[in-house]
Amino acid sequence: MPSLTHLDDAGKASMVDISDKTPCLREAIAEGRLLLHPDTLRLIRENGLKKGDVLAVARIAGIQAAKQTQHLIPLCHQIPLSKVAVDFDVTGENVHLTATVKTTAATGVEMEALTAVSIAALTIYDMCKAVDKNIQITDVRLLSKTKTPLP
Amino acid sequence: MPSLTHLDDAGKASMVDISDKTPCLREAIAEGRLLLHPDTLRLIRENGLKKGDVLAVARIAGIQAAKQTQHLIPLCHQIPLSKVAVDFDVTGENVHLTATVKTTAATGVEMEALTAVSIAALTIYDMCKAVDKNIQITDVRLLSKTKTPLP
Amino acid sequence: MPSLTHLDDAGKASMVDISDKTPCLREAIAEGRLLLHPDTLRLIRENGLKKGDVLAVARIAGIQAAKQTQHLIPLCHQIPLSKVAVDFDVTGENVHLTATVKTTAATGVEMEALTAVSIAALTIYDMCKAVDKNIQITDVRLLSKTKTPLP
Amino acid sequence: MPSLTHLDDAGKASMVDISDKTPCLREAIAEGRLLLHPDTLRLIRENGLKKGDVLAVARIAGIQAAKQTQHLIPLCHQIPLSKVAVDFDVTGENVHLTATVKTTAATGVEMEALTAVSIAALTIYDMCKAVDKNIQITDVRLLSKTKTPLP
Amino acid sequence: MPSLTHLDDAGKASMVDISDKTPCLREAIAEGRLLLHPDTLRLIRENGLKKGDVLAVARIAGIQAAKQTQHLIPLCHQIPLSKVAVDFDVTGENVHLTATVKTTAATGVEMEALTAVSIAALTIYDMCKAVDKNIQITDVRLLSKTKTPLP
Amino acid sequence: MPSLTHLDDAGKASMVDISDKTPCLREAIAEGRLLLHPDTLRLIRENGLKKGDVLAVARIAGIQAAKQTQHLIPLCHQIPLSKVAVDFDVTGENVHLTATVKTTAATGVEMEALTAVSIAALTIYDMCKAVDKNIQITDVRLLSKTKTPLP
């Protein structure tokens, strides 16, 4: 049976040793969904047509959070990210969020992509909570993860 | 129609002015759910019976994240928290997370409770992702929010 | 002759004691100016008409920096800000930035306003530096500072 | 028998609830000692006579660390400090460090004073480690802690 | 016409992808100027002759800010700096600041040098503002930027 | 006579230039000791047999602090750590702490290991201070430091 990698033999937490891992080009894409009232979604969309500020703020919050992942998730390594992008699709039913993160480091960046999605979603929540009392963040998960050797 | 409180007349983001709000005893409770494979849930539970480390790490990550909310969610105020607690209920189907946050400040702490839940969930995700490729964070929402005058 | 307040008798730095100061409603407004090529200013303005992203990113960076002032300026106190707003006026010659910060604490917030202006200006610089090699940040100063007793 | 205050009945960590505690004027003084080779101590003192930079850097590091205590020590509350001072006494045998911290908050600041001493000591260590291979930090402890009602 | 590199086709902000860029030895030097009253400049200089503390504090603040650039300027990459130095020239008319930053990474460090200058200038401002009500930060700009292949 | 490496000719602090240093596999191990009352040690041990929370919290605090070293110790470089582990040995007389840190970077990680030990010790202090008024942190020092060429 597999064991939890962050716990050593005695069950104690530690950062997994990645000294021997080879740097590669790595990419991870994560997604999530924010359930909002149709009126709130309309407000976001209309504002988006004018200034786009709610989504612009959430995009920046997600990008900055990706770069903070190592301080938020205790056993994550410090990984220099070569790209972070956060995107939104506002439908009549929800906001669909995706985050794409790339690195050329020795370990993957799925936690960075998931953190970007989560904080971007919380930022939209924060900016809409005065007009919508039933917001929900859901379906936060990894969409894809790839690894290709560096040239 | 209500408007989004963090956007002023011209649609620009700013921190809402709370200078005139009265400090109260405020409490918020948020919840979330982490969908994991039954084998992973059993690993967490069994480890919990011995050392409890996965949940202990996630609890600390959630508490620390609550205190970082103002730096993660751009338009949140800096609120001194008087209590933060993060709890877990590991069933055969998922991990149910709750976070309780209290303050005696001039604005509420629901974003702090939601941030604690989200980061605690991501921490469990991080520690389990080597053995479980289909983890999902879902149903992150506010459970309750109260406000009582200070004596 | 007046002496520098952050240095004690022996010339050593310390945080000034504010234990005896009374909380008031305090506001500070700071300004600054970013000199850019007319083509760059046009790009910012046109983008502003569509999405406003350069200024939206800079606004968020300035607001977040204001909340980080105590960690950036070593002898600043930790002051809970009740409001932060960052504004821009894009003319044919420059971007004029202003930041307004409010608190109800025991010491003033001019450093928070000046830090918001500086980091917002650096953010615009960062986003324009690929197309403009002669950007300059100038005239960063305090515009006003007021203090009124709390009710 | 007394129990550990940060662990609730089930042994789980949480931030102690201080909602009901009354704000007071609180002060804590901590000390520590850094054992260095006599040649290193002489270098620090002589430099001190000229520029004082080693101690100036350590003083700033200690002050900044005091303001970061809530993010370093997981269960500490966010306390706005009204004064932080770090002092050094360089003898022929060691550097004696003291840190004085004041607040007008609802809980004490001994961890802030101890953190300031520890980080100031580590900063001196860092700046001397190239010339001294046997540095030791020792006797880090609380010297005094007082609490007086606010007027 | 050139376009703003941090905005993609739809005008949305993202961190520019640097996965394909080659690590080089890169250096950037930035400068700035702080206008102060002649009496304030004399106080800084005289203190400098004794203890140099105002400039020592500002130097440390600038160095630490350079290492925080990626968290302050939202679209900056996390770049490990191999050297940071901050220098001051105090004349009868102003304080001239320069910051030199080096890295061996895949993208340049001009934002790090400019951030070091800005925060060092704000730190001097903070320490002098009690005796000088007309301080101004001006002429913050890049002096030089070089790139040489790694051996 | 050797000079202090972080001070240049004029006695001013700067980050040492490591542009020319070769990346190696580097490891540092640091230790420290926490003197506690025998009753407190028994409480920690008994709790350890059940939930281990005091030590689990301190372990996480130490690991996270190692990753923050560059922001705590002003002249430290930003070093991506490939492994961090914090261990405890609770005897009848004290808690013995060790931290092991690895990197594949151009400069060593002894400050990271010492910072992990110090913050882990302060975290135990914080969690025990309500029941033990005479805690002391002592004997914080480097145990070993190695460097091997990368393959």
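For clarity, chains are labelled A, B, C, D, E and F in written order, and residue numbers in each chain start from 1.
Basically, contacts are C-beta pairs under 8 Å (C-beta built on N, C-alpha and C of every residue); 3 or more make two chains touch, one makes a residue touch a chain.
Here's who's who by UniProt: A, B, C, D, E, F = cyclic pyranopterin monophosphate synthase.
Since this is a predicted model, take the numbers as computed values, not measurements.
Colleague: Please identify each chain that touches chain B as well as chain E.
Modeller: A, C, D, F
Colleague: According to the touch definition, list the chains common to the neighbour sets of chain B and chain D.
Modeller: C, F
Colleague: Considering only mean CA positions as chain centres, point out the chain farthest from chain A.
Modeller: The chain lying farthest from chain A is D.
Colleague: Which chain is most remote from chain C in terms of Cα centres?
Modeller: With centres defined by C-alpha atoms, farthest from chain C sits F.
Colleague: With chain centres defined as C-alpha means, what is the inter-centre distance between chain C and chain D in Å?
Modeller: Once rounded, the distance between the two centres reads 30 Å.
Colleague: So the centre of each chain is just the mean of its C-alpha atoms; given that, what is the distance between chain C and chain F in Å?
Modeller: 36
Colleague: Report the inter-centroid distance (CA atoms only) between chain C and chain E in whole Å.
Modeller: Spacing between the chain centres: roughly 16 Å.
Colleague: Can you list the residues of chain D that touch 2 or more other chains?
Modeller: Touching at least two other chains: 12-13, 51, 53, 56-57, 60-61, 64, 68, 74-75, 78, 80.
Colleague: Tell me, which pairs of chains are in touch?
Modeller: The set of touching chain pairs is A-B, A-C, A-E, A-F, B-C, B-D, B-F, C-D, C-E, D-E, D-F, E-F.
Colleague: In their complex, what parts of chain D are in touch with chain E?
Modeller: Residue list for chain D touching chain E: 51-53, 56-57, 60-61, 64.
Colleague: Contact residues on chain F for chain E in the complex?
Modeller: My answer: residues 8, 12-19, 70-71, 74-75, 77-80, 105-106.
Colleague: Please output the residues of chain B touching chain A within their complex, sorted ascending.
Modeller: Touch list, chain B to chain A: 1-7, 10-13, 32, 39, 43-44, 47, 50-51, 53-54, 56-57, 60-61, 64-65, 68, 72-76, 110-111, 114-115, 118-119, 121-123, 125-131, 134-142.
Colleague: Which residues, counting only chain A, touch chain E once they are in their complex?
Modeller: 25, 56, 59-60, 63-64, 67-68, 78, 80-87, 102-104
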